[in-house]
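The following pair of complexes shares a single chain, subunit A, combined with subunit B in the former and subunit C in the latter.
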Partner chain A sequence: MEPKVVAGARSAAAASGSWWRYPSSGYLVMQSGSGNNWAQGFHGYGPQVHEDALDLVRKEVEHADSLTGFLLLQSMAGGTGAGLGTYVAEALRDEYHSAFVANCCVWPYESGEVIVQPYNTLLTLSHLADVSDGLVLLENEALHRTAAKLYGIARPSFGDMNGIAARALAAALLPSQPRGPYAGGAYVAPASQQHHHHHQAHGHGAGPGRSSPGSSGGGVQLPALRRADSSGGRLGGESPGLGSLGSRGGGATPPHAAASSPSASGAGGSGGWGVCTAPLAELVTRLCGHPAYRLLTLRSVPQLPPANIDFTTFTWPALTKRLRQMLVTGSVLEEGLDWSITPQSPGAAAALGAGLAGPTVNRALASWLILRGQGAAEADVGEFADPALSAAWSPEPLSVSYSTGRFGRCAMSACLLSNDRHCVGPIQRMQEHAYGMLESRAFVHQYEKYGLSVAEFQDCFARIEDIAQRYARL
Partner chain B sequence: MASARSAPQQQQQQQLGPPNSARLAITSLCKVLRQYGVAVLEPETVRQAKFDGPVAAPMWRALHDTVLLILAGRGTGGAGGAGGTSSCALEPTSAAAAATALGRQWEAVSHELLDVALGAGGAAGGSFPAEGAALVVRQLAAWGAPPALLAALRPPGAARAGAGAARHPHHHSYSQEDRAGGGADCDGGGGSGDVMDAAWGNPASCRSRPLLLALGWLVAAARLFERRIAELEPGPEARALLPPYPPDSCLGPTTQAAYETAAQEARQLVARSLTGDVAAGSSSGVPGAALPRSGGAGGLRSRAPPGDPFGPSAAAASREALWGDVEAAAQRAVMLCGRARGRMVTLQAAMDCRHRLTASLVGRQAAASPSSRPLTPYELQLAAQPAAVQRHAAALESATLALLEQQELAAHGALCFEWLGSVIEEEEQAAQQGGGAKGRGRAQAAAAAAASSPAAASSLAHLPYAGSAAAARLQGQLAAQLEAAVQAAAPELSAARQRAAQGGGGGGAGKPGAAAAGGASVSIHHFLALAEKAVSGQPVPGPDGDALFTPSPANGAAGAAGLLAGQGGGSAAPWSADVGREAGPWRLPDDVASALSAAQAAASERAEAELQAEAQGVLLRHGALARCDFSGGPGGAGAGGPLAAVLAGGGPAGGGVGGVAAGAETRRLLEAVLAVARPLARARAGHKAALRAALQELPEGYLVAGV
Partner chain C sequence: MPRELVTIQVGQCGNQVGCRFWELALREHAAYNTKGVYDEALSSFFRNVDTRVEPPRNLPVGEGRGAIRTLKARSVIVDMECGVINEMLKGPLGEVLDTRQLVSDVSGAGNNWAHGHHEYGPRYHDAILDKIRLTAEDCDSLQSFMVLHSLGGGTGSGVGTYIVRMLADEFPGVFRFTGSVFPSEDDDVVTSPYNAMLALGQLVEHADCVLPIENQALIDIVNRTEAARDRAAAADAAASAVSGLKGSGGGSKPFDSMNGVAASLLLHLTASVRFEGPLNVDLNDITMNLVPYPRMHFLLSSMSPLQPPPKDKDVGRAAAALALQPRTLDQVFGDVFSREHQLIRADPRAATYLACGLIARGPTATMADINRNVARLRPQLKMVHWNSEGFKLGICSTPPVGCPFGLLCLANNTAIAHTFTTMRERFDKLYKRRFYTHHYEQYMDPGGFTSAMEVVGDLTAQYRALEGATQAPPLTRLRPRGLSFLP
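Up next, the complex of A and B:
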């Protein structure tokens, strides 16, 4: 599958520098993709490559000192990334019972690059909701707007968006240490090396890549790669852990990352802070304890073009205030925040009855705030602990970690991973489309060819509906 | 005290001469007693006591002190508490205290009593008050000492002097005395004191060997050696982890406090959700009341303020709120469960990682220096804490010493009891040499004392005290078993009796009277009466001195062990020899005996009948042969005469027609004989089996020799 994409990623990696490489044998390609058919990826290719894919993973697992879990990067709109990626996630769950399986999924443009993306997205989501321990949803829409409005990129490429997503992800997953009143009982593993086997699911989501083959060429992607690379490289100077993670983020974000190999990132956790945590375990444990709530939203500040960083003064209150308002409004974007909404605004109650309209005030089951930079240990984050922002029964609504190291070139940065109901809106919109298509049985025969019946569609959609309703009722 | 004694003690030990083991045994016995506070016993005394030396007084005193010690609970209670810290020398204080206490007690007793005794005319130097002896003997009896041993403890004149008391020297009488007048014999005044004096004579005139045996029995029965060994057990600090690790953090105060706080919170939560919320009544009518916004971050929030007039009724709202709380709690529990699972997965991963890294580290170390083994974490910790190592070594050393001492003491104890066995042999030899009833009585006493040593059978020594509930139970059991045995044997016995009665007409020696008694009426009381007789009869050498225990080397021990072994001896036919006679106090009850004698009579009759039949057959055969001779003419083997013909062969040797007739006649006769003999043989086998069954039903510990 997707040999061109894989080759592109490999050559980009090789061209980038000395330390970012994919192992020569650690990938799996076949000659053709899944044709945006989720069922083909899941039911067709999945069983075919099962053994080979697991062999690749097993090889990497055996090399690792410690296996905490897998982080899978995949798209949701297409056939290979979505269908086969879901299949691989299930296979990993079967094979490694006790390891975490977390997924980082790219939510497609709502405008739709692929006509069947509602099907594919919901099928992926419903399957992963059962399998995965945590699903980080990255919306292409939001990434695009971030790139366009905050980074000042007039026509953002997938590479640009990958860079933004990778930075956010890295900000969340880099080592940090728990602090504050919420640090009690947090897991701290002084000597363990954290290895993520982020498994790019054999080619990327066919969605973005295939819909715009021209733009996924090497020439267009390289700037993005360089950007990710350069930031990673600078971080790498501070700590090897940062570097490798940065590279991972840059190399593995779905739109361009065709690293179809599980790549063990080396000494991932051994940063220079003395306290080293297992971010994946932290993520899953802090945020995704409840089996019915596993959809995570990633927000990070500051979002500004690299050229502006040097001329920006950072203060913690400013950062946290903006981040908090992002949480309150449910926005992923730092720009265009509606400052009129407060947790106590009547929208909270109205949301319950609003149904499809979606809640206007966000509410989270659990949040994980990661502060990086000078004074991160002391910054006041009390406003995030507002009980109105979290579900009443959440045992630990907010956990805070910090790291005094800089992230990128920013003197201060904050990142918030939250298990909130921001996802309800996109899901409901996607579901509307999907139900509409299913009513007219559009393209269903393509899926039926691979053994996916209408009943299964409906079953999956019902499950998604259930999830959305649960979030809406938070 | 100990140092002053040590020099003569060594001399005595050297005087003790060749058998090193004997010296060891004696000294270890003395040492153990001294460690308990009985300081009066010298090894030389013990040695002399073995040969009936004139050391009765110190032996009495040692016995007395030991009895007092055991009565005072020394060794029962004291051992456990002091066990932790003790090694051999660790209890000199308590031993010394016990010794001084005993000394004072002895002084008081001797002042009070010995004067009386002296006034009565005892020897001045080595005398011992009769009351003390009575106390000792009474306690020994109460603790279950063998009666024979007790009997041997009495001075020679005692039995004759107080016949009434001496006739019942077993437990029962002591217990009565105990209950009746404990104080009376202490004063030395009153009737019982006179009886005592009269009964006991001078205890110092007692032979010292039985005293030694009694002391040995006491040491064994009170398990003094074992207690001493238990005291030497290394204490709990030797079992603690070395070097001491910090206590488990699960049990630390912070954790406990956290637990308690959590429990408290949970209790409050429950209390609130059960009572407070319901009582709060009408919360806001919105279903979302389950998710109130006004509380703190942790725990369920308090309810929204009451007073919404448009909401549902207060009861419905409170129900709703309650169920909302339940759901919230359930959700929270689910979430916490998921988190716990996450933590466990993480922990597992970390442990796997640690194992892997440790293994690889060890591998690298081994590769780097194959000769040296990498240090274990324990060793590293020891290396880091020299003080801990020293503590470790010291504790190890003391524990080793204690264990060695235990071992030594155990070996010495075994040796000591072995040596006591030799004392018993000495006693037996003396008994044999002395001959007569007295010697035998002593032999029995010695053998009974041997029962106290671990080697000998100890059933008698552990028989319960006569008045006790255990004795009643045992008696009941015995009665039941006896009844069962009798029932089992009844048909056979009655059949034998009938047969005897039938055969009696033919001149058998049957006892029709006994047979007429019908069913066997053997009861346990019969045996009890016999036992009374035996106990009173045995130890006291009297005119009725029976030949009960003939301590032959073959079954000496067994005979000594079981009172029922009266049928001992090497006689091949046990029942025929002994039952009929007045074999001893343990003879069988009359009806059983009569049945047995009837069976014997039947057996002898049977044998007689067989003999007669055989003789008759022979006669008949002779007659037939003679007839054959006559009919066959002189050509046969006539020259030899009838006898020669018989000798020549019973069968076809005779040849000829007449021979055939004679053979047929012989076969007929033989068949007739066999027809008589077969039922007889069957009956005999049946009797035998019944007897065996009856014997097996006897209670454990009772042996019937010769079967």
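Up next, the complex of A and C:
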């Protein structure tokens, strides 16, 4: 709602040579900004720019052959990104019923960048939890620490942090091809079915893939169709979803054929970009199946300064081991990992905040692992399929995709999008601040000017409590 | 077409501060706008006028690449006696200030708030409103008004607060900032306590945000920098040539440096509106984040560097002046929280912060620096319990003229209650015996005194109630449960 940043972005894009630029009239700016006021963005500017914003979107949608969905990039602490962004998400949901609406939201610094950020963040989150199909949370603090510790930038600027976030997001959303988690792209562990059942019944054990010594890339492949003979019935029931996916995704060959080719050939799938369904659709259907669980965390390895890439040797086991430990501890950074925490730790099965003294282990509802680089089709990532890492009732806890093309200059890289309970911590801390402020009715008059009353605040906080409770009990 | 800011200068003090402000604004823009184009940054304070045609035509910003023809300030000048204004218009600012936007009278308000507010105010209501409306129509999207005035005199406080009330009625959607100069202890106007109290009563109700500036604090600041500069200069250069040049910056008028400090405050405040940066802070961001309750809109300001480096002809003194500028960004953070850099006489560290905003200027300032310094200084500050971590941060890439970085701190702090109390005591000394009240009763009804006292008293009590509220009260808080009670 103020012109400087948009003007800067467009001139930067135009100055990047003739690779790409923003459409010449594809922007909407006003003058005064939203004053960090969520209510001003939502109730004030929302109805005002409704027509113009939807017109701009319609122009772009008309160019598309088959629309999968929208990805909104916004912050949660401000007025325009949070308030107007939420309004636009709701408007898109109303206007385009069959398209996905995914959001990529930036969680502010806990030390505060805006004083009313607790209000703005929780208002945004409560509204988007109903409207959005999937919400990727990027925390400013995590990005800052990544830049400072892993990229070696002593005083990270917003440009650096934005670059890290954009790279991680691109690693997740660039085209990729589905495959199974075990060596060679198999959907079922190369070890025998019996073995697999036994392991699963006990509910622990280091993933089946690892324990079979003799299985090389080619091994005993059961040419199972994906999700057909599900070992233990955990992988069932997704075909209706897949069918509609095929009709909407606009890809070429149906997923069944694509899935069977890796296991049939036994030597990894076809190289290159190959068949890919729309990444947004994959994200939503694989990860956000339950309406109450929509918050995703994005982890990406390796996090290396560009100068070190040439001097690093990449191996799949090293990358995936670190990524798995990041998932287990809930951290988003590649360093400072606490290796003593495993899914078998004593506190693992507890709900968060249940007061047990053990370390809290992260648990996910669903995870989507994307491998990029050479050998991505065959790498064994069976350890991610450990049942202790995911909630007992989740229908498909792990999906894996690959692409043999490199991402950036790293020979191998991996990215994990997971619907896990890492988000509960920041939400609870933000709630404390917000409740304290609301109790003293601080800043409330600024929101009441635009029609947001104390009762609405309390409704929104109740919704957030729901979300946090559910995730904590995952 | 960025957000324009219209300045309304009222009274002798207001006009002098305003004068200095335009000088410094032109200097700042000249330093960064080397090609002489009329860009968006300039358009927030100035109009570009083509004087070759009659009537003179305003040139729009357009793409921001048109050449500057004649710059005219977006300001309205009000004074009830014409001495100061005439002198201003005769000087180098005569071209920038438009005589069309001038409202003046001859005899002055006699240092009487009631004369200004109840007599001149209504009499010139239409004239002032017309001029303001003309100026507002020249703006593409007006964001706020800035009223510069003093509270101790008659015109600035009386007519100034009348204008603030008028703006609240006529332009409700536009923010009303005021830069109000509070009278010092030994003000040369005897009735200044009355004027200040009555004006303050109006400001509490009708202004959106008040930036109090105390004369005494400015005097202290200027004296300190002058003393330090003289010491440094005397140490540097040989004694004879330099020691002859004492006083404020070689031949300028006595209030110039003080007004310069006040004017720099306005420049820093609007820097993020005019120039770009990684984290922009608009004026409405400031009112949103720093005003927790509707009437508690008095912000203590402090900044570093305090004064723009003067254009000293003498190399020795110029070097000495540069030596006084802060050396590191960390140093400026320490400065702005110290007592010496505040623009009112208060020690904010001894009182409780309700909200604090920091606007850093300079190309090398990053979030990391600000966060580091805030973490370093936070333990020394007392913050109210519901905002224990809250700071409003902003970064603007353009530094102030002459220094590689700068910082402005706007704090909503309970120390202002102390200022109000001192003012109230001075007021009581006179009002107990009803000295001079007959002058006021000529124009207004005696109830005006009591209502102003009540309003200011209530506000002081509100601030005092929050003083020391750094711990949350030990009540059990009911958390909204949502549907979690369902199995």
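Definition applied: the second predicted complex is superposed on the first by the 372 of 474 C-alpha atoms of A that agree within 3 Å, B and C clash if a C-alpha of one lies under 4 Å from a C-alpha of the other, contacts with A are read in each partner's own complex, and residues count from 1 in each chain.
Criterion: contacts are C-beta pairs under 8 Å (C-beta built on N, C-alpha and C of every residue); 3 or more make two chains touch, one makes a residue touch a chain.
Note that the structure is a prediction, hence the values are computed from the model and not measured.
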Check: Putting subunit B and subunit C on the same copy of subunit A, do they fit or clash?
Finding: fit
Next item on the list: Spot which of subunit B and subunit C makes contact with more residues of subunit A, would you?
Entry: C
Notebook entry, point to check: So, does A:S66 touch the first partner subunit B, the second partner subunit C, both, or neither?
Noted result: first
Checklist line | Contacts of A:V284 with subunit B and subunit C, given as first, second, both or neither | finding: first
Next item on the list: Could you look at A:A411 and tell me whether it touches subunit B, subunit C, both or neither (first, second, both, neither)?
Entry: neither
Note to self: Quick one: is A:L304 in contact with subunit B, with subunit C, with both, or with neither? Answer first, second, both or neither.
What the structure shows: neither
Check: Which of the two partners, first being subunit B and second being subunit C, lies in contact with A:G33: first, second, both, or neither?
Finding: second
Check: Once both structures are aligned on chain A, how many angstrom separate the closest C-alpha atoms of subunit B and subunit C?
Finding: 9
Item checked: subunit A residues contacted in one complex by subunit B, in the other by subunit C -> none
Item checked: Residues of subunit B touching subunit A in the complex -> 286-288, 290-293, 295-298, 300-301, 327-329, 331-332, 334-339, 342-343, 345-350, 352-354, 356-357
Checklist line | For the subunit A and subunit C complex, residues of the former touching the latter | finding: 2-5, 8, 31-37, 79, 109-117, 144, 148, 154-159, 433, 435-437, 439-443, 445-446, 458-459, 461-466, 469-470
Check: Which of the residues in subunit A end up touching subunit B in this complex?
Finding: 65-69, 98-100, 133, 187, 189, 191-193, 278, 281, 284-286, 288-292, 344, 348-349, 352, 365, 385, 387-388, 390-395, 397-398
Note to self: Touching residues of subunit C toward subunit A in the complex: what are they?
What the structure shows: 1-3, 140-141, 143, 276, 278-280, 282, 284-285, 287-294, 355, 357, 366-369, 371, 374-375, 385-387, 389-393, 472, 477, 479-484
